[in-house]
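The next part holds the structures, each set out as structure tokens.
The same chain A turns up in both complexes below, where it pairs with chain B and then with chain C.
And now, the complex of A and B:
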């Protein structure tokens, strides 16, 4: 499969970002029904799913090159967006092996990996990289192994060490985040770093999710979708940069709401890593504007209904109240009340 | 890595280590690299004997860096009618065996200041997979292998490559002469204990460590996991008027799916609640984390992805 990349896209200042028709139809729309509430919505990460975004171990799309450049910009401004605690060194190599082998197998036109014993050669054609190195010897790479490979991957990643029947977030590459901070959370337990989420603790969601993840097996990754709303197609909505993006919320008007307001979806994947027994958590971010989503009849009806009936605490947690009514007013004329099919697929072959 | 079903392996080499121990080297049938197997990992082999199919788990003794073969060491137990007898007597080089992808329930701690390894008999096998990594990382460790007198020689040969300059001891007097409490009581803070061997040895190590004040998270016993299956039973889908046989190694959900009926499910691990079905009759052995204690006691629902029937029949409102 050969992808047509859009290397000149930006996720800041002029926001030169757009979706091709195919890219919109592969969007992992996060609502399987017309209402939303927290649940343990985890399923096996098998190859294939309701849209093309689920077809590979790690999804690469037309925004790949531009997203890697955006990551480099964030890291240049704030190197602490990538941190790994010293005891996670094996997990770093596990991550490099998993991502390189997966990309080379799934996208042979774009990536290749050749091995002569411990001497590996990695070729990343979209980014113009060819790198020979010795597996297990960090000094043979320009960055630590985790930073090296996650600079060449879309989406954020964290590393969880498993000990004392808990998961500790002991490393990460976090530049495309929905308002949480690795610098603040590093070293936290599973319940600590999910602390701010409303309603779900009381429902036992995190107790059950933790038990499930402690049993996660190598070779049997799992996935879930999470979502929020972001103003402008901005990847870096970090607490560190709140002064940069927070004011965006005040810029939404009834005229620009369709283009400004974006549904932000995270395709989250969890992999047990072999040598370290750590868990790699991938948080792959997708953005689609309300105007784009309104091109898909099922999705525009459902988005209207979900946002209309959303629990007030979840609205507040996701930062919606200031502009929610404008989104509803924009979407309401598109919602004819017709029933929608179960599941997240678009029900369209083409736009 | 997403595992795509069982891995077919070819028996490449069988090496006799002692009258009762053989080392099997297994390579990928179709070539290429095997999934990375970490220190402490095991594989579940499907052994097709003359009259029955056995599923046996064996610790891997090959290091993680070794992607071209998996190695196991199997002891032939005199009275065995099961897997060890079959592997010793019924398997020849060139034969094909299926394995499930490696699973690791006995991993090395990444933050231990020192690793204390205790093996009893054939329980040496996962410890052998640790040693190359511990040596390569320059980690501090101490190994005690408890042995019968006749096995001392073979354990010495297996440990010899790792022995120079290391605290590795073989205790040929068996369990009786082994000072478990003495060894556990003189370890520095931050030591992790790994013990593999007969159940009484592992239990004694865990209880001795607890009595000496070791934190539970620093004591690791070898495990192949809880049995996923159980006794076979009949599931009756009342609304459809269908009777289904649920086999020993099959979940209720898998048995329903095998008939072509799409049953509700999501996580397939007893956490999400999606597969819950109402129970009309029969007793459920609950294995999920979703139902509350009250709901479990009421016996009115079953999570089909992990739970089974304790009774011979389970009637479900589905």
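And now, the complex of A and C:
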């Protein structure tokens, strides 16, 4: 596979970000039907799916190098975006092993891992890294093992400890989040950290999801998609920086709505870890502008219908009210009322 | 009191003895247990009880019997917390802690118990007294104490914070989020709702 990285992209200030045709067609569009409501939409994380984003254990795309640089910037500004509680050290090594082995197997042109007993050598060619270290000895790496490897991955990650028939979010690397704070949430139970989500508690979504995840098995990861709307291709929409990015929501006009408003999709993956029995939660973020999505007939029809009919409480929770009508006015002329095929695939081979 | 429907907000119950406990330690933010804090059948004589009398002149007593029925007075909550840290470092399995008081009092105890390795199942809390809240500013990490209003100025960065019902047990505080972040200056009137 050939990946042309775009190392000069930015996700702040000048927002020098764009999608190639291939990158748009691999976008994990989050709506399998023309309406949206919370559900336990969890499925096995097997190779292959409706778009190329599902082809690998951890998806790498053309934005990889630029996203790793953005992560380093956020961590330089706020080191507490990566925290792991002390009892999670084994889960840190589990994470490092899983990500290194998966990337080396899935992308041999870009990553390699060689082992001589506990002496491992990791090569990351896109970032120009070669690192030898002793597995299990944190002082042989420049950062803790969890921070070390997640600085070289796209998307956020959290570590869940399983005890008392519950999951506790006891660690994370969180720099590309949809408005939740690791510093505030670390140590919370499953229901506590989902506390602010409307409607889903009453529907029993979190009770069922927790029961399911407590039984998650090693070697059988699962995935789901989640989504929100973000103004500008900004990865760091943290509560910490809400005063920085919140005003963006007032800058949408009927002229710029297609370029400003982005559908933000999280490809969420969950892995049972072998030594710690913890769960690694990957939250891989994808951004596509309304203008980009409007290039795909099925997706523009469906996005229009979903946003038009969205439950008011979900609209408010996702921060849509200020500009939702402008998005609808922009998309409505593209929606001819034709039926759409079930599932999220684009139904196109090329643009 | 309003309810924002956020599930991390703690719920409290009147105290009832946990029959699986081997030793019961009752911590009261005041001189006596309020009648609204416990079930009618709550047997205070089954507990070792620590009270806070808020006077400097309590003589420092030698540690009394760590036994049911003993009552030990403290000058302040901080005085009690200091003794609790020392006590939990010596404790063994089977201790149950019961606490009655303000949320600040309850969740400071939770933090001390957590540090000592106790689990949530070994603690029972009843919230009595002031409903004032501790607010953690999610933007600058300053904690503003004694907040009684729906919106408060952060004592660290000055932001007008909306008081969310989202509660962190680790920080022992509710979250404050700038209310006018999207449109600076659009600050609704604050209402006193946590008196």
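Rule of thumb we're sticking to: the second predicted complex is superposed on the first by the 351 of 351 C-alpha atoms of A that agree within 3 Å, B and C clash if a C-alpha of one lies under 4 Å from a C-alpha of the other, contacts with A are read in each partner's own complex, and residues count from 1 in each chain.
Basically, a contact is a pair of C-beta atoms (placed from the backbone, for glycine too) under 8 Å apart; a residue touches a chain by one contact, two chains touch by 3 or more.
All values reported here derive from a predicted model rather than from experimental measurement.
In the superposition on chain A, contact of A:10 is made with neither chain B nor chain C.
Residue contacts after overlaying the shared chain place A:194 against chain C, while chain B stays out of touching range. In the superposed model, A:164 lies in contact with both chain B and chain C. Once chain A of one complex is fitted onto chain A of the other, the partner contacts of A:186 are limited to chain C, with no touch recorded for chain B. Within the superposed three-chain arrangement, the count of touched residues of chain A is higher for B, of the candidates chain B and chain C. In the superposed pair of complexes, A:226 makes contact with neither chain B nor chain C. By the touch criterion stated above, A:315 is placed in contact with neither chain B nor chain C. Within the superposed three-chain model, A:218 lies in touch with chain B and out of touch with chain C [touch as defined at top].
With the contact threshold set out at the top, residues 164 of chain A are in contact with chain B in one structure and with chain C in the other. Contact residues on chain A toward chain C in their complex (touch as defined above): 164, 181, 183-188, 191-196, 198, 201, 239-243, 246-247, 249-250, 322. Interface residues of chain A facing chain B in the complex, by the touch rule stated above, are 39-47, 57, 87-88, 90-91, 94, 97-98, 101-102, 118, 136, 161-165, 207-209, 211-212, 215, 217-222, 271, 274-278. By the touch rule above, chain C contacts chain A in their complex via residues 5-9, 119-121, 136, 138-139, 141, 159, 164-171, 175, 177-178, 181-184.
Those residues of chain B that touch chain A in the complex are listed here as 1-3, 35-41, 64-65, 101-104, 107-111, 133, 215-217, 266-273, 289-290.
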